[in-house]
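Got a structure for you, questions after.
Here the chain labels run A, B, C, D and E in written order, and each chain numbers its own residues starting at 1.
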Amino acid sequence: MIEILTKHYSTLLTAFGHTLAISMISMLVSLLFGTILAMFHVSKNKALNKISGYYVECFKNIPLLVITMFFYIAIPMVLDIKVNGMIAGAIGLVIYSTSFIAEIVRTGIQAVPAGQLEAGLASGFSYWETMYHIVLPQAFKIVIPPLGNQFITLVKDSSVLGFVAGMDLMYYGDLIAGETFNMMGSYLVISMFYVIITLPLNYLMAHIERKMEMA
Amino acid sequence: SEKSVMERIESGDKKIVWATNVTTPLVGQLNVETGKVAGYDSDVARALTEVITGSAENAIFVEVSSQNRVAFVKNNIADAVISTMTITDEREKQVDFTDSYYIGGQALIVPEDSDIQAIEDLTADTIVAGAKGTTMMLNMKTIAPQAPTREYDTESEAFTTLIAGQADAYTSDNVVLMGMMSKTSGFRFAGGRITDEPYGIALNEDEDEFREELNEAIAIIRENGTLAEIEEKWFGDYY
Amino acid sequence: MIEFKNVNKYYGSFHALKNINVRFNQGEVTVILGPSGSGKSTLIRCINGLEEISEGELLIEGVNIHDKNTNINLIRQEVGMVFQHFNLYPHKTVLENITLAPIFKLKKNKTEAIEQAEKLLEKVQLLDKKDMYPNQLSGGQKQRVAIARGLAMNPKVLLFDEPTSALDPETIGEVLKVMSDLAKEGMTMIVVTHEMGFAREVSDRTLFMSDGEILEDRPSESFFLDPQDERAKQFLSKVINH
Amino acid sequence: MIEFKNVNKYYGSFHALKNINVRFNQGEVTVILGPSGSGKSTLIRCINGLEEISEGELLIEGVNIHDKNTNINLIRQEVGMVFQHFNLYPHKTVLENITLAPIFKLKKNKTEAIEQAEKLLEKVQLLDKKDMYPNQLSGGQKQRVAIARGLAMNPKVLLFDEPTSALDPETIGEVLKVMSDLAKEGMTMIVVTHEMGFAREVSDRTLFMSDGEILEDRPSESFFLDPQDERAKQFLSKVINH
Amino acid sequence: MFDITGALSNGNFIYLMKGMGSTLSFSVLAIAISFIIGLGLGVIRYMKVPVASNALGFLMDVIRSVPLLLIIVVFYFGFPQLGYRFSAFGAALIAFVVFESCMIAEIVRAGLKSVAVGQMEAGLSTGFTFSETMRHIIIPQGVRSMVPSLVSQFISLIKDTSLTTIISFSELTYRSKIIYSMDSAYVLPMYVIMAFLYWIICHTLSKASKRFEVDY
């Protein structure tokens, strides 16, 4: 294991950087889309409700691998475009995670007591103003732990980039494993890098959750 | 504790389990309707099985990809791997090989309208696809280090990405590439073969007796012309 | 200033308000009594449009709030509301709770808004808590802040929906005190409550509701001396004698 | 039958019960009053071991419940408890809520347990609800079921921790009625409550607590006529006059 | 460009359906075993058994922090190096059970914790011991509140079976790839079909589970 670390550390660090960057970018974009879909869901407009509902129902029930491969192989075949593995992977991650984040944010919005919306309306704010000033800030606070957990999941899920030459930890892990024949060592080293990101986050989220429970 | 392959065969259980690639036309492809694997490698395996056990019917096939070939013998899932597997020193440290039964060679294919005519035309802007865990990808580091590579779990996945336009070229064994092109038009070789790839049958390290038996069998089918017949049957039209 | 004309309200097929006709006048303090589920909350929530009426007309200062062309947000600025569970914004300080709407809706500048908020906090005797967050306050304090918040928009009328029923018995008094003071200053108030002391002593007029209907509508004094309706009598005896 | 001898209770460094010495006698109905945070809940929760005492002795029928050799589960069978938020088991019907412990702990056979439960439900006037689930009941009904559940183990004493403060004003009466009936039948009861009517009229004795101490311990009649302690006076005036 | 009838020729279709059968039976097995182990682990963590809960807790947290894909390859490629050999099915099953048990344990712990404290107190107050209260009162309620999270975990599990294609476990995804390796005109149809089949399985499970959700 040590040998793999010392011999391949620059590759590993690059891969680690890619995994981290892809995860963070995908998370931010999914958060944006997810929030929009969540607002669609709680709005009174039936069409928007439907869009949000169908999206979530559709993409949370299809494996990420299938979504990603679809964008990497099937779409370029039909449209005659070139998408590199990192981008196809990120698109897959965003499409997939958005469905989960939409649900999380929606639950958050619905967890804000109805009285808050009413209080906002009662003091003359419009629906969207109330959402912006009063409901969303509280909803996001409520959903910090599940969002954090979703990010952890997303980091782990980013390992499907290994299937599409996404230059991430999993991809290089496979290559190093194939080259050194030290499968156990290579994959454990790779696991370690994932754990460096996810385990502390895991504890941080648990901590925040406990603190919020006490408040 | 487990019986060696020869002990098992001698005790009457004559089945030999061969691991082979099933997504490479000509070399080895699964017919999903019959469940039979057809191709050069599997025919060789059948011939060897016949020599050793008396019947080609004793050959059983399981599906591998380039990436998990070594694991198949190490995990005792198969008795032997026959899958255009190049004999290399590195691999010898993990598994044992029989004598070589065929010498293939690395080559490169590109879309017909590509500007790439030979390996020398590869640049930092031309992406080369290949399968994870193949000698080709290692070779690339010395023969065309400037060209970026993208590696996939199987040969067919690598070829599919070439079709999808995700790569500019795809490198593998010439026979594998021939197989791919036999099914899909629009691609051509870019230059000739680049390396020699002697294929051996990979076995677990404690299977000396089985290896001897296989080596003898290989010699037999080479001498009696069976090997040449099989080669002609699968590759004859494409050379 | 507020007038219900033949108002009906349905939740699905449930008839929550039945042919309501009532006027609330400027400067009047009205208490609404009635058993649980009788429609008290529904009635006052219609006044600031938190519930839509199904039939009839509801006029506020002559404006029909049921009309599609009416800007309900403007009406709401004129009608303050104090809720049973305070509904303070937990992520804002006391001061921010009070100044949020004046700054964004009345476009007051910040210093002006804060000045006014501090005056209101003084009135409800909570000036020293102005930088605290709601969860650092007791129930009674929260409700006094909520009243200050309601007043900050200079509403023409203040609605109260059971403002003391989520409070510790010890802190109910402080909230009722603030409400009595407001009443004395001539604020127009409509109050749903179970506090009989307040109803009897502070309010000018009492409505008794049951099953979506207004069964009594009389000066409070005479209502408490001698309720006419059978259900009102029953209700009073239950609520007072235990 | 229950005796606190120099009992102290700490939460970390917070001194929640300060040198408590008190006896509760068979057949007596005791009310515990006091402001929020004064240690009322802590005191009665010590009696059935939901809180452990830190120092001193707590004897129930002569048994030291703080002792490691005492089987606390046996003690708890003798001491029933009724909670502010009912704590009915939501996944069991009314009848199952009542029979669960008798069947498993007293090893009653099922028909016997059901028979007894039905008698208790009749007593709290809820026999018709026996097959319902808790969430189908009103607050007052839930609390009456909780009382029946407490009685099902034939406890020697029944503890109540603010049994009516989570209830609608209208349903408080029905719960107090059941409690008064129990008192008349001679049940030993210790009741934390803010219901002054009940305290004054039904209870035999009133303890007034503040800051973890018992400041008054007198027959209820004399306590209400003329509380001695300054804080008790203040408390009473706050709670009663609004 | 694409050839749907070819991709779904009779033989291919049967071959694919058998793959779907493998996906389903593997999922059912993995769910059953992981649920039993996860329930046990979750209760241990909930009860805060002195050393066991912490040590076990840390190990479980580490396992939950690693991508399932890596756990699969570690069992399949890595363990033979230590002398433990598994078939693709065996390695996949062990990897899933190890990973999913930890995920489920966390759900169980949270579910039990979500049962109001008052319920434990009510149980104790009627003379039940701690473990009796757990059995009669806390666990039955906890399990009900866990249903939604458990179901989404099971759905994740089913979707994640697609990852086992990396070790050539012959399930739905793997077989789709075998089919489209025959002809590039099958690629697009196969992805659409695959997506559809997974969707049907997961959607059906999620809809069916709604029946078991209770709210008090």
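The rule we apply is simple: a contact is a pair of C-beta atoms (placed from the backbone, for glycine too) under 8 Å apart; a residue touches a chain by one contact, two chains touch by 3 or more.
All values derive from a computational prediction rather than experimental measurement.
Novice: Can you list every chain that touches subunit A and also touches subunit E?
Specialist: Where subunit A and subunit E share a partner, that partner set is B.
Novice: Quick one: name the chains whose C-beta contact count is the highest of any pair.
Specialist: A-E
Novice: If I average the CA coordinates per chain, which chain comes out farthest from subunit C?
Specialist: Chain B.
Novice: Where the CA atoms of subunit C average out and where those of subunit E average out, how many Å apart are those spots?
Specialist: Taking the mean C-alpha position of each chain, the two centres sit 52 Å apart.
Novice: Could you state the distance in Å from the CA-based centre of subunit D to that of subunit E?
Specialist: Taking the mean C-alpha position of each chain, the two centres sit 46 Å apart.
Novice: What whole-Å value do you get for the distance between subunit A and subunit B if each is reduced to the mean of its CA atoms?
Specialist: Chain centres of subunit A and subunit B, defined by C-alpha means, are spaced 39 Å apart.
Novice: Determine the centre-to-centre distance between subunit A and subunit C, using the mean Cα coordinates as centres, and give it in whole Å.
Specialist: The mean C-alpha positions of subunit A and subunit C differ by 45 Å.
Novice: Among the residues of subunit B, which are close enough to touch at least two other chains?
Specialist: If we look for residues of subunit B contacting two or more partner chains, we find 67, 71, 153, 160, 163-164.
Novice: What are the residue numbers in subunit D that touch two or more other chains?
Specialist: In subunit D, no residue touches at least two other chains, as defined above.
Novice: What are the residues of subunit A that contact at least two other chains?
Specialist: 73-74, 77, 163, 174, 183, in rising order.
Novice: According to the definition of touch, which chains form touching pairs?
Specialist: A-B, A-C, A-E, B-E, C-D, D-E
Novice: So in the complex, the part of subunit D that touches subunit C is made up of which residues?
Specialist: 35-36, 168-170, 172-173, 176, 194-195, 197-198, 235, 238-239, 241-242
Novice: Where on subunit C is subunit A touching in the complex?
Specialist: 48-50, 73-74, 76-77, 79-81, 83, 85, 87-91, 100-101, 104-105, 135, 149-150, 152-153
Novice: Would you mind writing out the residues of subunit B in touch with subunit E in their complex?
Specialist: 22-23, 25, 29-33, 63-65, 67-68, 71, 74-77, 153-154, 156-157, 160, 163-164, 183-184
Novice: Okay, in this complex, where on subunit A does subunit B touch?
Specialist: That would be residues 72-74, 76-77, 80-85, 163-165, 171, 174-175, 178-179, 181, 183 of subunit A.
Novice: Quick one: which bits of subunit E touch subunit B in the complex? Just the residue numbers, please.
Specialist: 10-12, 14-15, 76-77, 80-81, 85-88, 91, 165-168, 170, 175, 177-184, 187
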